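Down below are the structures I want you to see.
Look at the two complexes coming up: subunit A is in both, with subunit B in one and subunit C in the other.
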Partner chain A sequence: MAALDAVETAAPARRRHGLGVVFWTAVLWLALVFALALLADLLPLADPARQALLARRVPPGAAHLLGTDALGRDILARVIYGARASLGIGLLAPLIATLIGATLGMLAGYFRGAIEILTIGATDVLLAFPPLVLALAIVAYLGQSVPNVIAVLAVLTVPAVTRVARAATLVLRERDFVTAAQALGASPARVLLREILPNVMLPLGAYFLLLVAVIIVAESILSFLGLGVPPPAPSWGSMIAEGRDSLDVAPHIAFIPAGIMFLTVLAFNLVGDTLRAITDPRHAP
Partner chain B sequence: MLGLIGRKLVYLVPVLLAVTALTFLIAGLLPGDLAIAMLGDQATPENVAALHKKLGLDLPLWQQYLHWLGGVLGGDLGTSHRTGETVLHAIAGRLPVSLELLVMAELGGIALGVPLAILCAVRPGSPFDRAVSGVAFASLSVPPFMLAILLIFVFALRLGVLPATAYVPFSQDALGNLRAMALPGATLALLEWPGVMRVLRSDMISTLQEDYIAMARAKGLTARRILLVHALKPSSLTLITVVGVNIGRLIGGAVITEAIFALPGMGRLLVEAIYLRDFVVLQGGVLFVAVGFVLINFVVDLLYAALDPRIRHGRA
Partner chain C sequence: MSPQPLLAIEDLSVELATERGPLRAVSGVNLSLAPSRSLGIVGESGSGKTMLSRAVLRLLPANAKVTGAARFEGRDLFLLPREALRRLRGRELAVVFQDPMTSLNPVLSVGGQIAEALREHLGLGPRAAMARAVALLAEVGIPEPERRARQYPHQLSGGMRQRVAIAIALSCEPRLLIADEPTTALDVTVQAQILDLLARERQMRQMAMILITHDLGIVAGRTDEVAVMYAGRIVERAPTRALFKEMRSPYAEALMAAIPKLRAAPHTRLAAIGGAPPDPTRLPRGCAFSPRCRYARERCRAEAPALAGETGDHAYACWFPLPDQSEA
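Showing the complex of A and B:
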């Protein structure tokens, strides 16, 4: 979760001509991970839950492309099915948070006054709590399930989205086209939906991708601590946690899911940061 | 400046009150009955009811909250039903570990991030700058537990130079303590420096374009003097906020790092309280951490204002 702070204060990326090779490599990697996750059932993969006591901790090779884990389960299959959990939670939680946060942030930024003070005060209160402890406590209370993990991570992400949406709205409400719409007698609802929303969507869209990266990490932390995706369904975080016990004899069990997760998170950050630099309201003409 | 402090204080009070209310609610929502937890499953309904009355659990929620808040304001965070230890005592035992970790993380992060930021800002876009900025950006995508496992793999398992889990209190064995804290400290420092570096680099690049820097150059001052004396201080403002927020965050302990390296810090205290359903410790611990976070941010805001003349004189 600390990554959120770093992302918000991140330096703007250098302006380049075009989006660059790195950007497109990241997009390609994400497309590959998405495709594998979506098509997992159609691919000739081993059963990710099937244990084989005679083929435990097999290093990567012909029989098992990425090897097997301490229970003899195929790591390739588990990584791909784990991608479903990571991407599913990583996309849904920020989506819910963005819907709620954008609404709150736009209302606060547009109407100012008491609404703004209350909204920002509420985000200050929520941000004061250690997010991981809060997430663990709530999942422990609600019960360990995928929808609960999504709900908790979404709630914890709302304050950050609210602030971004409010900041963007504060800039937009002073722009001429908004003043013009107001002068023409447009209702606040119309101004918000027709003038402000389309312009807030750009920075929020870029921020959404950065949030996906943060949430994939957050989910993996919950799974690593045993309170994320319930077993035996594979998740990148729990795979790394299980691999920790075999670190000495079979480091590939932890490092293969760790590497794939790192590349995926990095790709989301790269794409998000590039788009953020383009759509940053501070750099708008 | 006094007006600014006053305005911030007026805002601080309701935020702190809301923090206490939310803390109370969260711990109160956790499943299980404190009285049954204390008496065991075999308790008779009469005994449970008697204990409810004694603990005030039969009162409406808002009365329980006011009662609890009164205790908190008097410095009483409650007593764990599991260990019989007061929450304040438990925090006092765990906080030094987290503080030591915090100091190592921030010092390491600053020692690594500040020089790199200055070197990058001198020639933005140079191969050195692009390499360091690239590594910093990539580091932001590394989850803490991944870094911890990597360090354990390299330094504890392969090289065998540092222990992974061998915590001893500093007072018992200073050297052993530092050796045990080296890997967790390094884990956090390696997570800290990219934020430090990126913020200072970008602020420093814009400072170096100011007229007074050109003036200093024209006067023939050395590059070292210009960078360290004229440019560093005005560029450090955002950095103070970033470090301040991180310190506030780490007061709550580094949950993951403490778990992996088996350190008895604040993070472990809170996570154990969740797993063991120790409501009172969870409530008191979370409140301590959240209030600490709010207060540190308050101090950072004031510090920021005190250092930035534009805000100090109310012109920004």
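Showing the complex of A and C:
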């Protein structure tokens, strides 16, 4: 009973102190990964593509902080340069998807009618495809390059964003302040941009962060299957794939990129979840 | 009669398509309002008063069918092209809604929301619009207007938010302001302040106003004329003074009797109107109030009375009006 009471009183107190240690740890981790990825060229790192066949599968130590892989390449350097690919794709694809999806979803939700039927029909069709198979097919067909990977992942994400934006818009268009704006002579464009967009941004912003996590994983799956970032440029997914052969003798080759990806994805999820909770209209002031 | 009315509503009906069949929310309403005059529309919930105002603003839901005409300075609002209507709304025809908690955009600063209308209709630049917005906030009685202009709706009290909504409505100097239950969502202590603000601004700007309310006490002394609505029809219309001196329709009398009296002895039973308003999809054949009217007779249940009156301004829809006490 006493323990229950303690739990009950602790929860609101912690909330009052702000967003919590977990949230800020996640933010700190993301900041670190971003900083390293951005500053990779300025850091005293080994060349991520340089092979040293005499120093293969070196465990983490003084010479190589995180060890070397099966071709003797420095894992620390590869993880940091791999972060560029993973984060770059993980941010760009959701960004493109959000721009397209938000536009489509808001138009569909606000004007209803034929626009809505077409948009929702198209997203349903796209959602009906198994996403990974579609991604594999398109990348294999268009050719393996970073822009193609971004484009494919963006296209696959558009339907989800469209649905979120449309759902939010459907609720917003019935709200009094939208009616009030119409009553004051605002044009549809103005209502969409000034009244609805600022309100749709909140849920979409939170959803964006969750999408980043999903896309980082999706990119690594593509890279793991050999259809992501073209070699020799490192990406977390391809590093895990390359480490697979040495799992028994040198597990660190696969586990270090996997662990870093795990932490990064978890951090994006935590931050996105917290922001979603804050912007949830049910908790709004 | 005055030369040209500012707003003339002619035989206006609104029918909503519902799952239970057509719902006649407003039926055959005639009203006219001269420039810079004020009209109170009083009725219970569901009497069609809000639908009437939404019809005038052309803000009805998509399943609504409107017949009749509403002329604003001679232009039929229902025939106006979309673009012309958009220029008219906000510029000459403004509205204040019931609930200031929901009628302001939660993510825009209040100053920005006022400036919005000014930029849209008067073509002011961002700076001029913001300066004018601050001046408007001061005018509607908001202290520290510069600071308040930068705040968001949730940082303001209900009364203040309604003041902001009024500032938005007044921003472009409209010729007609429709206030749809502007004080229903507010504390009683704030209600009088908001009503006085509306009355003062109306006088100063020579603006016409339609005040919609369910409370007869609110229109008393604040509007030039009153129209009482019941089940989508106007049952009595008169200059405010004349109406309060002598009510001719039993419904208006019953509404009046339902206002608690200060002078009544403690624990006096409050007078209520027995029964409930009729189902608007199944209106009775005769007078809609007849099932609840204590004076109802055979004819009331058979035929609906039309709005008529022997003495010019005072009109009522009743077969057996209450006796005219002023002549008796």
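Just so it is clear, the second predicted complex is superposed on the first by the 263 of 285 C-alpha atoms of A that agree within 3 Å, B and C clash if a C-alpha of one lies under 4 Å from a C-alpha of the other, contacts with A are read in each partner's own complex, and residues count from 1 in each chain.
Quick note on the criterion: a residue touches a chain if its C-beta (ideal position, glycine included) is under 8 Å from a C-beta of that chain, and two chains touch if they have at least 3 such contacts.
On a predicted model such as this, the values are computed, not experimentally measured, just so you know.
Participant: Determine, for the superposed arrangement built on subunit A, whether subunit B and subunit C clash or fit.
Facilitator: With subunit A aligned, subunit B clears subunit C, so fit.
Participant: Would you check which partner chain A:Asp74 touches, where first means subunit B only, second means subunit C only, and both and neither mean what they say?
Facilitator: Touch partners of A:Asp74: none, neither subunit B nor subunit C.
Participant: Thinking of the overlay built on chain A, is A:Ala258 touched by subunit B (first), by subunit C (second), by both, or by neither?
Facilitator: first
Participant: Is A:Leu184 in contact with subunit B, with subunit C, with both, or with neither (first, second, both, neither)?
Facilitator: second
Participant: Touching A:Val217, do we find subunit B (first), subunit C (second), both, or neither?
Facilitator: first
Participant: What is the contact status of A:Leu134 with respect to subunit B (first) and subunit C (second): first, second, both, or neither?
Facilitator: First partner only, subunit B.
Participant: Output check: A:Asp176 vs subunit B and subunit C. Expected answer is one of first, second, both, neither. What do you get?
Facilitator: second
Participant: Per the contact definition in the header, classify A:Glu242: touching subunit B only (first), subunit C only (second), both, or neither.
Facilitator: neither
Participant: Report the partner of subunit A that touches more of its residues: subunit B or subunit C.
Facilitator: It is B that touches the greater number of subunit A residues.
Participant: Closest Cα approach between subunit B and subunit C after superposing, in Å?
Facilitator: Subunit B and subunit C, overlaid via chain A, are at closest 11 Å apart by C-alpha.
Participant: What is the shared patch of subunit A, the residues that subunit B and subunit C both contact?
Facilitator: Shared contact residues on subunit A: none.
Participant: Once bound in the complex, which stretches of subunit A touch subunit C?
Facilitator: Listed in rising order, the residues are 175-177, 179-187, 190, 194-195, 198-199, 201-202, 284-285.
Participant: Which residues of subunit A touch subunit B once you look at their complex with the stated criterion?
Facilitator: My answer: residues 2-3, 5-7, 9-12, 14, 121-122, 124-130, 132-134, 136-138, 140-141, 213, 217, 220-221, 224-225, 237, 240-241, 244, 247-248, 251, 254-255, 258, 261-262, 265-266, 269-270, 273.
Participant: What part of subunit C is in contact with subunit A in the complex they form?
Facilitator: Counting only subunit C, the residues touching subunit A are 57, 59, 86-91, 94-95, 97, 99, 102-108, 116-117, 120-121, 154, 165, 168-169.
Participant: Hey, which residues of subunit B end up touching subunit A in the complex?
Facilitator: For this pair, the touching residues of subunit B are 11, 14-15, 18-19, 22-23, 26-27, 29-31, 125, 133, 137-138, 140-146, 149-150, 152-153, 157, 191, 194-195, 198-199, 201-202, 238, 241-242, 245-246, 249, 252-253, 255-256, 259-260, 267, 270-271, 274-275, 282, 286, 289-291, 293-294.
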